[in-house]
Amino acid sequence: MQRYILRRLLQGALLLFIVALVVFALARVSGNPIDLLVREDATAEDRAHLQKALGLDRPMHEQLYIFLTGAVRGDLGQSIRYRRSAAEVFFERLPNTLKLLPLAMAGALAIAIPLGVLAAVYRGTLVDRLAGGLAVLGIATPQFWLGIVLIYVFSIQLGVLPSARMGGPSHYVLPAVTLGVFLLAGMMRLVRSSLLEVMGSEFVKLARLKGLSQTIVIWKHCLRNALIPVVTLFGVYFALLVTGAIVTETVFAWPGVGRLTYEAVIFRDYPLLQAVILLKAVIVLSVNLVVDILYAYLDPRVRYA
Amino acid sequence: MASPGRVVLEVRDLHAYLYTRWGVVRAVDGVSFALREGETLGLVGESGCGKTMTALSVLRLMPEPAGRIVQGQVLLEGEDLVTKSESEMRRVRGRRISMILQDPQTSLNPVFTVGSQIVEALRMRYADGVDALRRLAEEALRRVKVAAPAERLRAFPHQMSGGMKQRVVGAIAVAGEPRVLIADEPTTALDVTIQLQYLVLLKEIQARTRLAMLFITHDFGIVARMCDRVAVMYAGRIVETGPTRALFRAPRHPYTAALMASVPRMEASVERLPSIEGQPPLLHHMPVGCRFAPRCSYVDDRCRREYPPVVPIGPAHEASCWRVEPSPPSR
Amino acid sequence: MSTEASSRGDLARLPWISFSIIVVLVVAAVFAPLLAPHSPTEQSLPDKLRPPAWQEGGSMKHLLGTDVLGRDVLSRLVYGARVSLTVAAVALIAGGGVGLALGILAGYTGGRVDNFIMRVVDATLTFPTILIALLLAVSLGQGLGTIAIAITVIIWARFARIVRGEVLSVKTRDFVALARVHGCSHLRIMAVHIVPNVLNTFMVLLTLHIGFVVIVEATLSFLGAGIPPPTPSWGQMVSDGRSHIASAWWLSVVPGGAIMLVVLVFNLFGDWLRDWLDPRLRQV
Amino acid sequence: MNIRIFLNLMLGGFLAVGGAPAAHAADKDTLVIALDTLGAQVMDPIMDTRAPHAHYHAPVWDSLVGFDLEKGGIGPGVAERWEVAADGKSWTFYLRKSLRFHNGDPVTARDVKFSLERKMSPESIASGAAALRRAVDRIEVVDDLTVRVHTKGVIPYFAASLSRAVFMEGSVMPKKYIETVGAKGFREKPIGSGPWKFVRSVPGDRIEYEAVDYPHWRGTPQFKRLTLLLVPEQSTRLAMVRTGEATIGSIGPEAIKEARVGGMKIVSVPGTMQAVYQFWGLYRPEAKGSPLADVRVREALSLAIDRQQIVDHVMGKQAQWPMPFATFRYSSDMSIPRWDDWARTALRYDPARARQLLAEAGHGGGFKLTFWNTALPGTPFMVQIGEAVAGFWEKIGVKVEVKTTEWGAFDPMTRGEQKALVGTASMYRTAGRPEPAPRYIGSFNSKGVQHLLGDPQNCPAICQDADRAYEAVVSERDDAKRAAAANRMIELVAKSWIAVPIIEGMGYWAVNPKGVGFFKPIPGRHEFGDVTERMPRPEQRPWP
């Protein structure tokens, strides 16, 4: 198992290197932050002063060298807009996003699994189509629109929930639903198809031969096997959530890293953008690794050399 | 062979059909047989003749929603299983009638340990605490001759050989001390040496518990070794039933005779094994009259028009064919 | 009854409703100029924010009402279909094509090539999808082209990963080994044996991703990097209408409904397509 | 069996949330303002640029020069009055007596000198820092309450650049306190002399203040606490004001109808900006053949626009008829009535005259025009105005190719050679500012940033006239003569039809009448950093 983890870490490092190069290039292509900081009538001399203050006057390869060596040491540079260490700004906001993501994931699972089971058990019937239709609605509505409609209905019309921002538990409901619904369709369909496959196998027949009730057969024997593919996709779902957070956090004024990424792009804040992308990639990769290790626990057949 | 006891399982004129997109597949089309305590009845026939479907319909495990029992009775110690509700059937399965499936590789749940799957079966019968059940499970494994049963309980199915897994399946099947055990080609997936050990094991279990066994196979070697009586199935129906020795020595139904002829004999050197021309009829397009008629070398137009009745031709020996003359039943 | 009959039987179970809606959509997109009552960019400020015809204050001249600049919502919807479906088609063909090719290459050759392609796929998938599109929109300037490129960059990785999985399972089948025994060249094996088997998954992925593309376009419009006005696009319409929910609900509900319809319809069609094309499922 | 589990799972979930509508409204003693940006959210006046600075720094720090609350423009601040030396090269500021910082230290001339020098230090990235560095020679503390700033040459409007009325600079910072706790300590526990004390700042979410407990010269706050919230999505800001979670929310003109439907009041800040369109690089050789080179065509394009429809429909009646380029009804150095009449007549909607002019110029059949439709940060509605303008131009036969680009991508094109913009039109903006001259140098002076009339190498007659007119305004000491020179400069640009105002935009705010009483904003200043201390409680001044 240790050798496997080591190999994965090496692959992860290589991957981060690729991501770092790509984001370094893409950020610079997207324009110059100076334009957004100076006044309309700033002269060339003003721009030069700012350029030097922000270290953007150095040649490109030198900036890349500073960025990469810094990244290895954990120093990801100073955010242009916040004038503070980019990593510090990121980690200041990360807990807010991490409070939301698991909730959205759990919410999506809590609905996707029963829906998937129902659709599989009553395959081909109305229940199956209804569950499928409901799940597809999840990916059919643009997230920002769903969020705004939920705010309109639940906080303006019904006054039941606060409309935005972080706060008490009631503040988490709408953002988690907006984020979670996005995953519903994929998860539900996967649970259904893998469950159908498992229900056809011999050991299910043996389980029923033991006289076990259909519920136990489905929820214990089948579901345990059916959830393995779902777990393996947790990494992908987590990455989807991280991108989904950009929209949800903007709509619900959630001070998370999702919106930080968006601000970094709009303000061409290179160091912040590079830091956010890299750190997000690290999180997604580590989640993937944890999921793969969890996979071995879930499916004894898988023993990593 | 232990002296056969009272009738434990009686199937009367069982019809079980599969409703598919292309029409109704009459997989079990009027099957009747009886099974006595301590006795082993072989159910033989080419693949696709409805052997497994018969077993599944006895246990009411036909594939939903296509399969349905249309007609007939399945009397287990006098109680008709066809009319029982699903929850009543659950109390019957595993406790009074059980089954061993063909492929051990897929019969055990890969994500649970062998021990937990045995305990699960035992819990159906005994309401003891977990550790009591684990001891029972260990005992069950010892009884099916699994070495070092204590550790094996903690093993996962993929850590066991095919033979070992089939033994575990056997242990599970008899854990509830059923009165009837259906073995659906349990050794086909095993290699020959393990096959023999498994058959001996099944015989020992039967001797100890006096359970009745329905042994489904297409291998006549196994039939000769295991079965007291044999029922030959063709296209959803039993064409001949009788004591194993009688069928081997003097098969009366043309299909049984042809089957017996196509089995290679150790003693006779044979260049080419005789085989039966033609194909068994498609189960959703049954011919009128005797279903073996298209391939029978003694066919006459009567066979094509009318399905022959079941005719007693010896002690507990009967066949359904126009050429067979009835002889007075021995008892 | 032979197997052809059975596949024809499937045709009967084709989801006719969704299929006909798809046809209507494509017709609307192709013949937009003929079908739309007004030009999508024709403004008439005096009658801005007029509700749909059936609501009081609405007029038959503008069946689905007008937007902030007095443009006809129905015409923009019809023209929007053309924009959204073109972007989807271009992105899917480009992204899907690249994904298919690399997927097969990775799956079939295996070893270092497979490892390298899969690492690049992982890198692309870790990159937040919306962000790639945003960065491209901001650097190349907004427009149909940028959106198509951005979505292509996002999609190829998804297709490649799934296609590779399919190729791995197909590759182990006997007939591929058999083909190699007969001395077929790798290229021929790929083309003759691997592609047909992978094609049905590819087709299904195409249909399922059409919805995804339209959603990405809408999300980009929300973030201000979508298809720029005055070109009508569903995403931009939903995004512009979002702050008028109480006063002019139809501005976002109508295009939002259209997007939902497209995603729903193509998903149902995709599901049916998967069953219809998959030989294994056809026998059941 | 499963359906039952599934159903009570769903129902149970819903009922639990139902309950009585939780009270989410902010409490009565807190003034909550939802903003679309909090900038860098760093509590240090030298660390942020323009608008956000005026939102969240203004409550804590006073500015050396203050506001004229009625008309807009500059007025007394920390300095009660100031005067410019005879040679125009130094400005003397006389500070307000008994002004104190939040930690009790008195505000003295030394603090003012320290603040200005800190603003000009290399570490400062405030947008006005560069202009100050160019303008200021040295700063002399005359006595405790008098400070004299010596400028490099004559800098007209220098006082204006030290006020939030114009350029958001001139914040007075506590010298002793900063020198003891250092910059980092200052940013964590900032103190100033403003009406609100800093409480806490949650990055990306909000900043909280509490009122000072003594009467303040800018106005004594009626609320105990002030909270500025960062809510980037406009529809969410609207929802929060409607449910009372926020008292005031900044909105764009397109959301005015939505706010009214929600029962909210609208406060519009007059003269915050002017939406204009302008033509680039017409003086360059490559633009010679372009139809836009003909002044009749340019005038026709202005006559084709129905500005009243844009005011009524695009801006929801919340905009005003524009004055000439970069001038407002509160501008100084110009004759308001004369230019008000000019705007009414010259900027009228007259498509027939427009087509006639086009025909005269030989373009009756129309011509192709590239139009860059963009919006500067803070005024997204410029794009909709641009679309409306393009629509009007299409109506008189001009085939407009609209290129909508995001500001970050458009702005770099206006630098240097402006290759991509030569011979094209674009949307632009002038900020609400009392003195037109500084804005004219940027757009029309040959050495200015946009150099619309000509650049040093290629400066046709009109470009030279504009340079001379500008020199006349800035070097003239006598007010009357300077006003005449300013009028000449404005007229020159107005007649050129190269930079044409469309509408005078306003800042718009949705207000929950149950949360705050009626208040008037400061003309020309969209940000409320300097208004919160004068906002009454609902019961004190009910809304009309």
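A, B, C and D are the chain letters, set down in written order, and residue numbers restart from 1 in every chain.
In this text, a residue touches a chain if its C-beta (ideal position, glycine included) is under 8 Å from a C-beta of that chain, and two chains touch if they have at least 3 such contacts.
None of these values were measured; they are calculated from a predicted model.
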item: Reference subunit D; chain at largest CA-centroid distance; value: B
item: Chain nearest the overall C-alpha centroid of the shown protein atoms; value: A
item: Between subunit B and subunit A, distance of the C-alpha-averaged centres to the nearest whole Å; value: 54
item: Intercentroid distance (Cα basis), subunit D paired with subunit C, Å; value: 42
item: Chain centre separation (subunit A, subunit D; CA means) in Å; value: 37
item: Length of the line joining the C-alpha centres of subunit B and subunit D, rounded to whole Å; value: 89
item: Multi-partner residues of subunit D (each touching 2 or more other chains); value: 235, 262, 408-409
item: Junction residues of subunit A, two or more chains touched; value: 30-31, 144, 148, 152, 156, 214, 250, 266, 268
item: Where subunit C touches two or more other chains, by residue; value: 138-139, 224, 242, 245-246
item: Sites on subunit A touched by subunit B in the complex; value: 201-203, 205-214, 221, 224-225, 228, 298-301
item: Subunit D contact footprint on subunit C (complex, rising order); value: 41-43, 45-46, 48-49, 68-70, 137-139, 141-142, 224-225, 228-230, 242-248
item: Subunit A - residues contacting subunit D, complex; value: 30-32, 35-43, 45-46, 49-50, 53, 81-84, 89, 92-93, 96, 110, 114-115, 117-118, 121, 127, 144, 148, 151-152, 155-156, 158-166, 170, 173, 214-215, 218, 250-253, 255-256, 259-260, 266-268
item: Subunit D to subunit C touching residues, read off their complex; value: 234-235, 238, 251-252, 254-255, 257-258, 260-262, 306, 309-310, 312-314, 373, 383-384, 387-388, 390-391, 394, 402-406, 408-409
item: Interface residues, subunit B side, partner subunit A - complex; value: 59, 61, 86-87, 90-95, 98-99, 101, 103, 106-112, 120-121, 124, 156, 158, 169, 172-173, 176
